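Can you keep this structure in mind? I'll have questions shortly.
Chains: A, B, C and D, in written order; residue numbering restarts at 1 for each.
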Amino acid sequence: MSGVRSPAEALSDALPDAVVEVVAEGTHPFVRVEPESIVEAARVLKEQCGAEMLHQISGVDFEDRIEVVYHFARLAPDPDFLCLKVSLPRDDPVVPTLAHEWRAANWAERETWDLLGVRFSGHPHLFRILLPEDWEGHPLRKDYAFPESYHGIDCTQ
Amino acid sequence: MIGAEPLSSSLAAWLAALFGVGATWPIQALAMLIVATGVVALVVTPVGLGGVYLERKLSGRIQNRRGPNRVGPYGLLQTLADGIKLLVQEDIVHKAADAALFRFAPYVVFLAAFTGYVVMPFAPGLTAADLDVGIFFFLAMIGIETIGVVMAGWSSNNKWSLLGSMREVAQVVSYELPLGLAAMCPVIASGSLSLNTITDMQAGPIWNWFVIRNGYWAIVMVPAFLIFYTAGLAAAKRLPFDLPEAESELVAGFHTEYSGMRFGMFFLPEYAVMLSISGVATVLFLGGYHDPFGLSAGSLAGVWWWGLIWFFLKTTVLFLLQIVLRWTLPRLRIDQVMYLCYKGLLPVAMACVVLAAVLRLL
Amino acid sequence: MTPSIQGVALNQREASVPALPRDIQTEELVFNMGPQHPSTHGVLRVVLRTDGEVVLEAQPLIGNLHRCCEKILENLTYVQGVPYVDRMDYLGSLNMELGLVLAVEKAAAIEVPKRAQYLRVILCEMNRIASHLMAAGQFGLDMGAFTPFLYMFREREEGIRLLDEVTGGRLLYHYIRYGGVTRDVSDDWIGRTAVWCDRIDAHMQEYNDLLTYNHIFLNRACGVAIIDKQTALAFGATGPILRAAGVGRDLRKDMPYSSYEDFEFDIPVGPFDKGVVGDSWSRYKQRLLEMTQSTRIIRQALDKLPEGEIQHKKVTRGWKAPAGEAYVASEAPRGEISCYFVSDGGKKPYRCRMRGPSFFNIALLEETSRGLLIGDLIALMGSIDITLGEVDR
Amino acid sequence: MGAFSQWARNLWMGLKTTFVGLGVTVPYIFRRPYTLQYPEEREVLPDCERGLHNFEIDKCIACDQCVKICPVDCIALEAEGKGKFARMTKYEIDYTKCIFCALCTEPCPTECIHMGPTFDLVGYTREECIIDYADRENPRTFSEGEEIPYPLASFARK
């Protein structure tokens, strides 16, 4: 009977070294794992906690670090969202890609790269997705400076 | 033969008398030309414009809208206004297009669509040219239109246009087969390829019409009529078969790059072909210009306006049905279009031809 | 020169279509479909590699409508942000507002009065019906059937008028606020909304006669462009696509929010009476059936609408959410939207990550379109029903 | 037989459903149209319609609340004096920016700015889309005691 274990429990058993922080209570329970073991952690969620769908990948710029937050959806039993977080250094955020196991991660990771500049190592197609190819910077970073002009178009208005 | 002399012959005689020469072939040709121009200018173009108006008004009413209602009473002049707009619009030939072909293509389509009317018996004596092979002339003209469309699609240098024109070729050339075979049934029944002769065979009351001739011919003629009508829809590129210009797939197909009057020269022929298909269907199956009561064979024989009224009445009903069908049905896919042609209509049409031959022998 | 898009050669991947014999091998065409194409439902650009009519590869390229909504939300106060999310999925904008508001309410533990919750449900379901009518009609339009589209617009128009009476907007409502809703409804409005629900159900027969069970339509849509359960789950596709693929997931039932647990309704799950599970027709039919369920919910909510206030606490311009975070998902017309909301205790949200279901759904296009005819590709795009506003955000 | 009957059924269903479809569309030809003749006939808009603003200039105390809450910064307000004796010199709303969210009407302490029912704003230039409500000639600006000819949207917090 898989799918009923809580992610905290399952991850502490399967990958005790990788778990950095566990928050099981409150409005947003999550497990923070080491960036290197995100692929294994996601696999544990899939196999033991019934996470059948990758729901969303979010990046958050916390000035001192960048967090990438993965939300998985458990469809049944007890539908819920399971959350994994990784913390990355701000100057060179790199995390292994989930795109090979979860096809949904392909575009979501591209978007995170596009808007936050998180590099997903091993991603098959890590190019900008929403912004044009030649855009400079990653807009969702907190210190992003809006460009004065783009290809001669005045952006200051 | 019921009905007067073809109009061109009377005109030729009159011209010959006017110039004081014999009715030699240049005079006859001149007379034919005058009649053909007259027919196109006085009958077909207004009816084509009326067709556009009817289509827009009817589609509006079907869709809970009003349709054109601003220009003129009930919006009657809307089509004319659109025509004027098309005339004054800039005629764009874009840089990458093959300019000569691009410019020439609309004329081919326009000419082909309107030349079909030359053999159309509108009323007793009102035929531009009573050809012995009228029905084949008509089908050939529909085929020639395809060439213009391919020219347009190719010279546009636009992949969507190219795809549209290729679809047109595949579709129209395929549907020529069931169209021709279905037309063979009345031809077999009447023993003539001339549209006038076929019409006159159907004079008299309604049971003389080929579609229900003497009752038992209906077994052949009703399916043949349906096939002719369906294939005619395909030849006219009307909606279950509007793949060449499928708006939601190919933007506008072969005429994507056209503007102004050149676009108009694709647009108007579409209605002209719709109308001529309806007209030929009327001639072949529904008694042409003969009324259902037998008056045109009796007291009103040879009266041209009586025939004209009935011809246009029947043609308009078929024409309106084409319009209503367009606003009812979704579009087929290209493979389904081919399936319907080769596996659906063609075998049935062949069976009809064979059966018609058998009935004829009986 | 091989055409390449964003660094990847188009012929990089082999299509599943069998290769033609060498002597009849023909040139492949690369089509640029969109951003101005009538069937891309917005400013989507799809690059097609085709062999004649057969699509070998379709690559959706998005971003033409990108406004960086998330950055805008970070720079606006809480109150100011709500009208912005309306503009993500502009056809189901009430549901979008609800997505944001629910996340903030959860993080800040704002209580919503029961009447406001019911009003949210009623209006969101009306919005869902309006959106589904649009989607189903668009699907017909993509297939060349123009008339059902306008019939559906007629019903949609009436629904929009009802929404307009309550919210003041016809497309972008800005109705849901933190802790409640803006305006209350009148008894007269309740009566007319119930009548509208009846009209929707009554007209369903018309749509079925004209479009759903039309033989041409069935031939076009049944059994083509199949998105099966595994593919849908792998790509994170949600909403009607996932349910038509045979997965009975609906957040209104699975993780009820805003009092959805009070109502009795079914979740239609594919396959239906025609076609196979997960094909274009099932996705279309799914939407029609969901509309019927939505009218059920609306009728129940109108009947049971409790008395009381519609907003406990007014969230004003200077309101500060307590530090914290929340992830709340809700069921929008096109699938599951979610908001990952992070607050640092300031006047503005620290991060508002919005999930647009269409963003994940449209990614399926590349996978599903191989070997389809161009006409079927159009049908596939119509049945996925994307809104570019939420794809690009 | 199976293949043949399937083929025949295919053709028959195509024909039959066509007539079913015609049965839906043809009756509509004889029904009344649903649409309105727009400029002459207009829909009766609800009183909370969020159209162009209406401004009661004498009530305004130039408190700047609406300017501050506007998410797109489309309101420009200038006044001589403050409070009850404020004399408005400029109250410009830039409708190229305005998103008609009605947030400006909410914090107004005197309820002097409303959303009105006018929705057709057109202009040939961007300048034409900037409307100055401090101009008393503006048909959507109302002075003290002037009767407003239509009900106004009330989003204001009470």
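General observations
The definition used in the following text is that contacts are C-beta pairs under 8 Å (C-beta built on N, C-alpha and C of every residue); 3 or more make two chains touch, one makes a residue touch a chain.
All values reported here derive from a predicted model rather than from experimental measurement.
Relative to subunit B, the most remote chain by averaged C-alpha coordinates is A.
The interface carrying the most C-beta pairs in contact is the one between chains A-C. A comparison of C-alpha centroids places C closest to the centre of the full protein. Averaging Cα coordinates per chain places subunit A and subunit C 24 Å apart. Spacing of subunit A relative to subunit D, judged by their CA centroids, is 40 angstrom. Put simply, the C-alpha centre of subunit B and that of subunit D have 49 angstrom between them. Contacts with at least two other chains are made by residues 62-65, 327-329 of subunit B. In subunit D, the residues touching two or more other chains are 10, 14, 18, 21, 24-25, 34. In subunit C, the residues that reach two or more other chains under the touch definition are 147, 154, 210, 214, 216. Chains touching one another form the pairs A-C, B-C, B-D, C-D. Residue ranges on subunit C touching subunit B, taken from their complex, read 29-31, 37-39, 52-53, 140-147, 150-151, 154, 210-211, 214, 216-217, 219-220, 373-376, 378.
Against subunit B, in their complex, subunit D makes its touches with residues 7, 10-11, 14-15, 18, 21-22, 24-26, 28-31, 33-35, 37.
Residue ranges of subunit A in contact with subunit C, taken from their complex: 26-28, 52-56, 58-61, 69, 71, 73, 75, 79-81, 83, 102-104, 106-108, 111, 115, 125, 127-133, 139-140, 144. Touching subunit D in their complex are the following residues of subunit B: 58, 60-66, 69, 226, 324-325, 327-329, 340, 343-344, 348.
Residue ranges of subunit C in contact with subunit A, taken from their complex: 6-8, 62-63, 66, 68, 70-71, 74, 106-107, 109, 231, 233-236, 238, 247, 249, 251, 254-255, 324-327, 329, 336, 338, 340, 342, 350-351, 353, 355, 359-360, 363, 367, 392-393.
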